[in-house]
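This report refers to the structure that appears directly beneath it.
Order of writing sets the chain letters: A, B, C and D. Residues in each chain are counted from 1.
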Amino acid sequence: MYSLKLALKSLWYDKWINLLSIVSIATGLFILGTVLLSLYNIERATQNMPERFTITLFLNEKISKKDVDLLIKRLKRESIVKEIDYISKEDALKELKTSLKDAAYILEGLDENPLFPSIVIKVRRENFDRDRVEALIKKLKGFNQIDEIIYADEILESIQDVYSGFKFVSLGVSLLFSVSVVFVCYSTVKILFFRRKEEIEVYKLLGATRSFIRAPFIIEGTIIGIVGGVAALAGNYLLVSLLKGMTNPVAVLKLIEIPVQLMVILPVAGLVLGLTGSTIALGRLKY
Amino acid sequence: MIGFNQVTKIYDNITALRNVTFSIEKGEFVFITGPSGAGKSTLLKLVYLAERPDEGSINIAGWDTETLKEKAIPYLRRNIGIVFQDFKLLYNKTVYDNIAIALRIRGIKEAEIKDRVHEVLKMVNLRHKTDSYPRELSGGEQQRITIARAIVGEPTVLIADEPTGNLDVDNTAGIMRIFREINAKGTTILFATHNRDLFRNTGLRVLRLDNGNLVSDEKG
Amino acid sequence: MYSLKLALKSLWYDKWINLLSIVSIATGLFILGTVLLSLYNIERATQNMPERFTITLFLNEKISKKDVDLLIKRLKRESIVKEIDYISKEDALKELKTSLKDAAYILEGLDENPLFPSIVIKVRRENFDRDRVEALIKKLKGFNQIDEIIYADEILESIQDVYSGFKFVSLGVSLLFSVSVVFVCYSTVKILFFRRKEEIEVYKLLGATRSFIRAPFIIEGTIIGIVGGVAALAGNYLLVSLLKGMTNPVAVLKLIEIPVQLMVILPVAGLVLGLTGSTIALGRLKY
Amino acid sequence: MIGFNQVTKIYDNITALRNVTFSIEKGEFVFITGPSGAGKSTLLKLVYLAERPDEGSINIAGWDTETLKEKAIPYLRRNIGIVFQDFKLLYNKTVYDNIAIALRIRGIKEAEIKDRVHEVLKMVNLRHKTDSYPRELSGGEQQRITIARAIVGEPTVLIADEPTGNLDVDNTAGIMRIFREINAKGTTILFATHNRDLFRNTGLRVLRLDNGNLVSDEKG
């Protein structure tokens, strides 16, 4: 109780310097918040993107309806399969005609449909994994009613690459920025405590125990941290509402959302930083 | 109460104290004197454990400083009131808080703290400065706050390092009266000063240091 | 000269606290550097990507070689045109055959090539601008040898959107982070100077002029800033070589490069921050 | 040289000086005395322009402090050597640099600075502490460094605020001798002290303050 009062008094006495520390910590956490916000929103945006990766199975011309149903049933059991589209010979011809546009009349001379029925498989992106896709394809190759399997080997690789690259970079960046923020906060708190070395010395000489000396400093540090975290959160809110409310908006930005987790993460991060920062900055008090 | 046995203290290349041996009984009022740089402050720092001896041993209230655990130091210091030569006031706290802190450290209740702080402020004639900050005080006023902080805890040992250097004759006399009263109640006092007038003809014990050596130990 | 010596001495005396300031500033600039680095590399990567936006002109079946050449010549004069590809009737048929794959035999019954010659225009991405593309199309519509113009209206819009959105967000992010970094640096320097208030007071009382007092502080601040900037640069180098040298590398990351500009920007930014930071932190010295 | 005309200085609600009028001629050696909190330091602060009067006017070496431009203050202060009651040493600089700074401010060459710093250090008996930091010095040693810094610039006015509070009799006598010598060379000296022994029977002028009022102005 008294420690709290002391901490508040001291916060007020040194209000300018404390404000500056709060600004430092808030800025650090704000940057971190922006990074997390971006990651969250990019993730969300790409999740809503249409699936681009498909596997096309060209089936035997003479396949029976029963075999097709069996095949579809089997495919549905695969976890990586998201959607199955059966395109009959007739559908295929219709599609060809559409794609030929005005030149479609060239197909009029045909007395028989020369195309094959096919199945288009869309792969679930969440479970995307090159090895599993190839395993599926190997399995399908054993099916004698399938004439040919077409899947974009290269696209597969590049999607795989971009996606895992993205994940990797995101992780790296958040980690890096977190470390940076911790650095800034630590040195801010440490600089604050350098100023207080003499004060601590006096406390010691007057017979104060370690915990008595520590308490107000740590409470102070924690308050600075929490206020910094809340300020960072407010900054992120402001940023988002600014982006959403722009008069010449970029459509994508309209969709930005603040995840609920951020509302917890930033103040908690501030608290943890303030608490550990001041504890470490104080160091082991020696008598 | 306090025993020094062949104590030597060396700073870098300066021997601040050399083979100093003496002992002080409980309730004594002892002056430490000697020219500037003689080692008076160093001797006192050894008593309140701000410095450790390089040689010899020191015994404080039955505790040998060599074997004393770090954890016990705060509790030992609570029995010692210190008037620092350089005041060591907290400049971001009011006069009231500066004095109260010495009691808060001991976990005393705020109501009692209030009474006792006001009492010592009255003793040093600074009741009207309760809410000032140290920087708003004159040199002598700051020194009296330091004295008030040292005596508010009713210590069993009172250490005063040149406590009247910034005080006029009347204030000095007032402070000396307070010290004599406290001493009469049983507190042991170590009082470092250059001012011979303070101990001349008092009949109190005077330790004289010169260049780190204890050169005399006689009645003033 | 003496100011420099004083500054160096003071830097050394307060080495721990100065190190912490350098760490703070370096971290801030490192974050900024990482942002700039990412922007630079994303820009570079997308510049090497194939052009996706094309305009297809279906020409009159009976167009003469002369008219085609004339059209191409005119198109070449347009600044937004990057590449022009003339596809004759014969080329078009060949392409159709290839795309029909095994079903190509259906075209064998034709006695005459039913397809049209066409021109495929690739648009220069640097000059990409929806209004200008539409102006070009309007112009082309006036050309009576052109039967039909096909261009992906929707794709156009979304490319436009993504590209300008990207530019906008990049700019916003760099601006935001720059401001954040300035904040952190300013408050670090300010906290440092709070500690020195008394020292400045003594200088004033001894009769020092404003510039005499300022010089060592500003030199100190500048040194801290430059060292911070160089440290940030070193950090970025380390990061890049780490990314490039990873054993399980993501192919894209192999291509990351540090632009020469960054080698100038970071130390200069450190210098400017240190200089202005300490000048502002000192404030107007009053006697 | 120094003229106070009906000067009043008020801090918040405390009147530190009330209608003080006096004037000091060039080359005088004047003591300022009075109890703790009487206003001695405040009077000196007004002379070196660390504080401004609330009422009345002050004239220093022909300059009226009211009309004096801010830019001129550093140049005025260079003619004033000050021994601060609270020392105001730079704790991150060595003894040498602490003293040298007073000369560097004036743009004097390092070679000459070296000679002059060593000379004043010898005068205060601290040649052996040249490379120490202030925190490694005893109270009296710090005080003598402050005195050395004040006199090294050979000021035309020397202001000393309780400069012997931490000094023993011998050192005090030494300092007084130095001050008399400097005064003999023409430097005006203002010397605030509680210590009556310093001015008793010297025949020098003594201004006595009490509770902000100038209560007497006579020979010691």
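Methods note: a residue touches a chain if its C-beta (ideal position, glycine included) is under 8 Å from a C-beta of that chain, and two chains touch if they have at least 3 such contacts.
The structure presented is a predicted model; accordingly, all values stated were derived computationally and were not measured.
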| item | value |
| --- | --- |
| Chains contacting each of subunit A and subunit B, listed by label | none |
| Shortest chain-hopping distance from subunit B out to subunit C | 2 |
| Identity of the chain that, by mean CA position, is farthest from subunit D | A |
| CA centroid of subunit A to CA centroid of subunit D, Å | 67 |
| Approximate Å spacing (C-alpha centroids) for the pair subunit A, subunit C | 22 |
| Length of the line joining the C-alpha centres of subunit B and subunit D, rounded to whole Å | 29 |
| Chain centre separation (subunit C, subunit D; CA means) in Å | 63 |
| Contacts with 2+ other chains: residues of subunit B | none |
| Touching two or more other chains - residues of subunit C | none |
| Chain contact graph, described as a line, ring, star, complete graph or other shape | ring |
| Full enumeration of touching chain pairs | A-B, A-C, B-D, C-D |
| Parts of subunit B lying in touch with subunit D, wherever the complex brings them together | 11-12, 33-37, 40-41, 85-86, 136-141, 143-144, 161-162, 165-171, 194, 196 |
| Residues of subunit B defined as touching subunit A within the complex | 48-50, 70, 73-78, 80, 82, 84, 88-90, 92-93, 97, 101-102, 104-106, 110, 149 |
| Partner subunit C, residues of subunit A touching it in the complex | 16-17, 20-21, 23-24, 27-28, 30-31, 34, 38, 96, 100, 103, 105-107, 109-110, 114-115, 161-162, 164-165, 168-169, 172-173, 176-177, 180, 183-184, 187-188, 190-192, 194-195, 239, 243, 250-253 |
| Contacting residues of subunit A [partner subunit B, same complex] | 2, 9-10, 13-14, 198-199, 201-210, 212, 286-287 |
